[in-house]
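In this document, chain identifiers A, B, C and D correspond to the written order of the chains, with residue numbering beginning at 1 in each.
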Amino acid sequence: MKKFMNDPADVVAQALAGVAAAHPELRVDVAERFITRAAGPRPGKVGLVSGGGSGHEPLHGGFVGPGMLDAACPGEIFTSPVPDQILAATRAADGGAGVVHVVKNYTGDVMNFQLAAELAADEGISVRTVLVDDDVAVEDSTWTAGRRGTGATLLVEKIAGARAEEGGGLAEVAAIGQEVNTSSGSFAYALRAGTTPAAGRPGFELPEDEIEAGVGIHGEPGRRREPMRPAKDLVRSGLDAILAAKPFPGPVIVLVNGLGGTPLIELYLVFGEVAAYLAQRGVRIARQLVGNYVTSLDMAGMSLTLCQAGDEMIRLWDAPVRTPGLRWGA
Amino acid sequence: MKKFMNDPADVVAQALAGVAAAHPELRVDVAERFITRAAGPRPGKVGLVSGGGSGHEPLHGGFVGPGMLDAACPGEIFTSPVPDQILAATRAADGGAGVVHVVKNYTGDVMNFQLAAELAADEGISVRTVLVDDDVAVEDSTWTAGRRGTGATLLVEKIAGARAEEGGGLAEVAAIGQEVNTSSGSFAYALRAGTTPAAGRPGFELPEDEIEAGVGIHGEPGRRREPMRPAKDLVRSGLDAILAAKPFPGPVIVLVNGLGGTPLIELYLVFGEVAAYLAQRGVRIARQLVGNYVTSLDMAGMSLTLCQAGDEMIRLWDAPVRTPGLRWGA
Amino acid sequence: MDAALAGDWMRAAAAAVAAGAGRLTELDTAIGDGDHGANLHRGFTAVVAALTESPPQTVSEVLVKAGTTLMSRVGGASGPLYGTALRAAGKALPATPTVEPAELAAALHAGLAAVRRLGGAAPGDKTMVDAYAPALDAFETAVAGGAGLGAAAQAAAGAARAGAEATVPMRARKGRASYLGERSIGHQDPGAASTGLFFAALAEVSQAHPRHAD
Amino acid sequence: MDAALAGDWMRAAAAAVAAGAGRLTELDTAIGDGDHGANLHRGFTAVVAALTESPPQTVSEVLVKAGTTLMSRVGGASGPLYGTALRAAGKALPATPTVEPAELAAALHAGLAAVRRLGGAAPGDKTMVDAYAPALDAFETAVAGGAGLGAAAQAAAGAARAGAEATVPMRARKGRASYLGERSIGHQDPGAASTGLFFAALAEVSQAHPRHAD
C-alpha cells in the first residue's frame, strides 16, 4: 500500500488539519473531530448534522456550508463516529430549533447516532433522524440490517439542507429528507477495490476480466462477481435494478458518482449512457450531477442514483449551496 | 485494463456526449470536438481558448464558463488536438476582440496550436498564445523541449479568464496569463501509473515501496524512482524543488492537485503538510485549492503548485467563476 | 474477582487484541470493511490508559469505565456493542470490593441482553452473539456446578472460541456482512472472533491468579 | 513513380502502421505517453479513406493530400510533423503524372527540412529525424549512383531502420521523452521506429512494381 500519509493511525486527524487550513469558512475541531460552519449555528434555524466513517470524501465534511450541512462528524476510516463526537457536533449545530441527523443505514452508524440522539435529548436538544438506505443491491428485510445508505445521502443532505436554510421546521426538514430517501435508488459497480490504511491491502482482489456488482462504499465485496462488460451494458443492468426496485413515474435527479479511483472522463461516458437508456425507458431527467461525491477511498468504480423528484424537490435541489464539495447559485 | 467504456477508440467522443447531456450551459460539438459556452461569444470580449489531450479532466472542458474559458478543444487521450479543431474552437470563441490560446508546453500542443493560430490569422482573428511551462522537475534549456505545463494551467485559465471577463484587452489578458505562468512552479509524485485505453496497461510498473518523483500528466515515468516516504517528507522535497527553482518572496496561491486516482482525504492531508512547511519556510499562503483538477486518467499521485500572487492576481483569482469544474462567487 | 483482577482482565484483553489485530482486520476485510482489529485496538488501548489513570475500586466500576471508554472511542458497530455489554455487566454487579463467580455470571448475562437489545441479533445471525451466548452458557453451567472463576472462565473461553468457529458456515443476517448475502458464508465473523479473545483473556488472568485457579 | 504507386505507398504504410501499432505504442509507453501507435493508425486510416474517396492524379497531390489528412487527424507531435513532411515533399514535386527518383529525392529532402524547421530537432536528439536523415542520405546516394526507385528505397529503408535502432542509446533532447532525461536512454524512439516502417513501405511497393524493382 502506498498512500500520501504519515502514520496510518493519524490519517483522519491529519486530513482534518488540512481541511482546517484549506477552508477558513469552516471550523474544524480536530480534537473533538467535527466540522461546522465557521459562522456557527443561525438562531432559529434547524441544524443538519451528518457523519459516518471517513474515506467517503467529500461526504460529509465537504458538504458543510450554507444550503447544506451545519456540521459533520467524521469517524475513523470506514468506522462510524462515536456518540460523544456526534453529540458535540449536534450541540454545535443547534440553533435552538432542533437538529436533524442524516444517518446512513449501517449498524454502527445507526447505533452511535441513536446513542448520541439520546444524550442530546437529555440536554434538551430535539433530534429527528433521517435514515438513508437507497442501495437496491441489498435485499430489504426486517430480519437483516437492511439496505445500505450510499449515493442518495448527497441528495438528502442537499435537499433537506435547502429546506432548513430557508426556514423549514424540524418536522418538515426531516420529512423532506426522508422523502428524498424513499424516492431514491442506487446501484454500484467496482472495477478495483480500495485500500484502507489500516488493512494495507485491497478489500478484495479481482481478476483482470471481472468486476464486483452491487458493491457498497466500504470496500466490501459486492453481491456477485461478474465478467467485465461494456459501459453501456453495465449502465443498463444497474438502471434496470434500480427501476425494478422502485417506481419512477416522474422526472428524476440523476447522480453518476465516482467511487474515488475512476477518472471523470469515464463518469461522463457513463452519464451519456445513462441519459440514452433512461430516454429509451421513458424516464425524464430533470437534473443531473456527475463527479466524485460519495467515494470509497481509491476504489475504482461508480454508482448510479435515481431520485424521483417533484417540483418542490427540484426547487430545493436548485437552491443555492456553498460548500467545498458542492457549490452553485451562491 | 478495466474501464467504464465501450470501444477504446470511442472514449473521447462518448465522454463528450456525456458532457453535452450533463451540462446544458455548455455547447458541445461532438463532431468537431470542441466545447463552448452555450451563450456563445460575448461581442467585444477577448476569447480564451485552451485544449490539449483528453484524460486530464476537468481540465480543460470542465473550465468552460463565465470567468474562465470560452472554449476548449479536447484531443484524443493524451494527444494534443489537431489544428482544424483548435481553429473551430477559436472561431467559436471570438467575440471580435481576439483570442488568447492557453497552451501547455508539449511539442505536439505547441505545434498544433501554432498551426491553428496561423490559420486563424489568415481568417483575420488575432491570436496571442500563453505558453504554460511550470513543471520544475524538468530542466529548462533551449536545447530541449523545455518544461512541461501542468498544474499552473488551471491558475492561468482562472486568472486570465477573470481578466477577459471584466473586459481586459487582448494584450492584457495574454500578459496576465503569462505572468501567472512565470510566477508558478509545480512538482508531482506518482504512486501508481495511469492506464490509457489505447495502451491497456499502466504506463509504468512500480514496486510496492517505490514511487516516481517528477512525473508529468501523461503517464510517462518521472525524473527518478525513489523509495516511498511519509507524506511530510514528500511534501518537503517537492516544495524544496519548487522554491529552489523560483523565488517566492510574497504570498502564494497553492494548488494541491490530485492526479485522478488519489482520494481527497490524502490530498487534504498533503495540504496540511504543505501549510505547515510553507509556514516554516516563511512563505505566506494567500489562497489555496485542494482537489482533482489537472489529472492524468487514473494515476495515483499528486502535484504541488505555488504561484506568487500580488493583489491584482488575487483579486482576479477571487473573481466569480461558473464552470463545471470550478465555481465560486457566482 | 476484585478490581485488580478485573483490571488485569481488561489489560489482558487489550494485549490479546493488540496481538490479534491483524487477524481480526483480515477477517473483517473478507466480509466487512477491514477495520475491526484497528477499532478494538484503539478502544482497548484507551481502556488501559483510563484504568491506569484512575484505577477504580470495584469490579463494577472497572467494567463500567471500560465500557464507557469503548463506547466513546471505538465507533462502528463493535464500539457501542462492546461498550454497552461492559456497561450493562458492570451496572449489574454489586458495589462490593469483590464479586463471586455467580454474580459475574449474572453480570455477563445482563451484558448479553444489552447487546441483543441494542443490536437486535439472535444466535445464528453470524455476530459476536454467536460467541458470547455459548460462552455465557458454559460459564453459568460451570458456576452452577460449583466451579471456581478460573475453571468457569476456561469453559467459557473454549465455548466462545467454538462459537466463533461455528460462525464460518453461517449466512450473516446482521451487521455489514449481511450485505454479502450468500457470499458471507465460509468466513468467520470478526466480532465473534474478538469475543473469543475477550473470554480467553478472562480465563488467562483468573488462572494466573492462584486464588481463582479453579 | 506515378500516382497509383504513391497511393500504394500510403496504403502499404497504413498496413504497416496497423500491424505495428502495438509495438509503436509500447515504445511510446516506455518513454512517452503511449499513443504513437494509435495516433498513426488513426491518421493513416484516414489517409487511405481520403485517397480512396477521390484518388489524386499526381504523386504531388497524393503526398499533399496524405500530409493534410495526417495534419488534421493525428494531433500530438507526430501529426504536424508527418503532415508537414508529406505536404512539403508533395509541394516540392512537379505536377507531372510520373516523377523520377531524383525528383522524389529532392521532395524527401524538402520534407525533412520542413520537419526540422517545425520541430527544431537535430540528428542525435532521439526523434524521427534520426531515422529520416540517414534514410534520405541513403536514398540520395543510391539515386546519384544510378539506382532505380526500388533499390534506392531499399537502401533508404535499411538506413531508416538502422537509424531508428541507433536511437536506443541516445538521450532525448526533443519531444516528450526529453522529460525523462537520463532515463530516456536504452529505449528506441517511437517516431524513428514509425519512420522506419514508412520507408520500408516505400521499398515494398516499389519493388513489387516490376518497373521500379531495381
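The definition used in the following text is that a residue touches a chain if its C-beta (ideal position, glycine included) is under 8 Å from a C-beta of that chain, and two chains touch if they have at least 3 such contacts.
Which protein is which chain? UniProt says A, B = Dihydroxyacetone kinase subunit DhaK; C, D = Dihydroxyacetone kinase subunit L.
These numbers were taken from a predicted model, which means no experiment stands behind them.
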Both-way neighbours, i.e. chains that touch subunit D and touch subunit A: B
Subunit D and subunit B - chains in contact with each: none
Rounded Å distance, subunit C centre to subunit D centre (Cα mean): 75
Rounded Å distance, subunit A centre to subunit C centre (Cα mean): 32
Chain centre separation (subunit A, subunit B; CA means) in Å: 29
Between subunit B and subunit C, centroid-to-centroid distance (C-alpha), Å: 54
Contacts with 2+ other chains: residues of subunit A: 77
Set of subunit C residues in contact with two or more other chains: none
Overall pattern in which the protein chains touch one another (line/ring/star/complete/other): line
Subunit B residues within the subunit D interface of the complex: 9, 53, 75-84, 106-108, 111-112, 115, 137-139, 143-145, 148, 196, 198-199, 201, 203-204, 216, 218-221, 223-224
Of all residues in subunit C, those that touch subunit A in their complex: 25-26, 29, 31-35, 37-39, 42, 71-81, 118-119, 173-176, 178-181, 183
Residue ranges of subunit A in contact with subunit B within the complex: 1-7, 11-12, 14-22, 54-55, 57-58, 62, 77, 191-192, 194, 206, 208-209, 211, 228, 230-232, 234, 260-273, 275, 288, 290, 292, 295, 297-298, 300, 302, 327-328
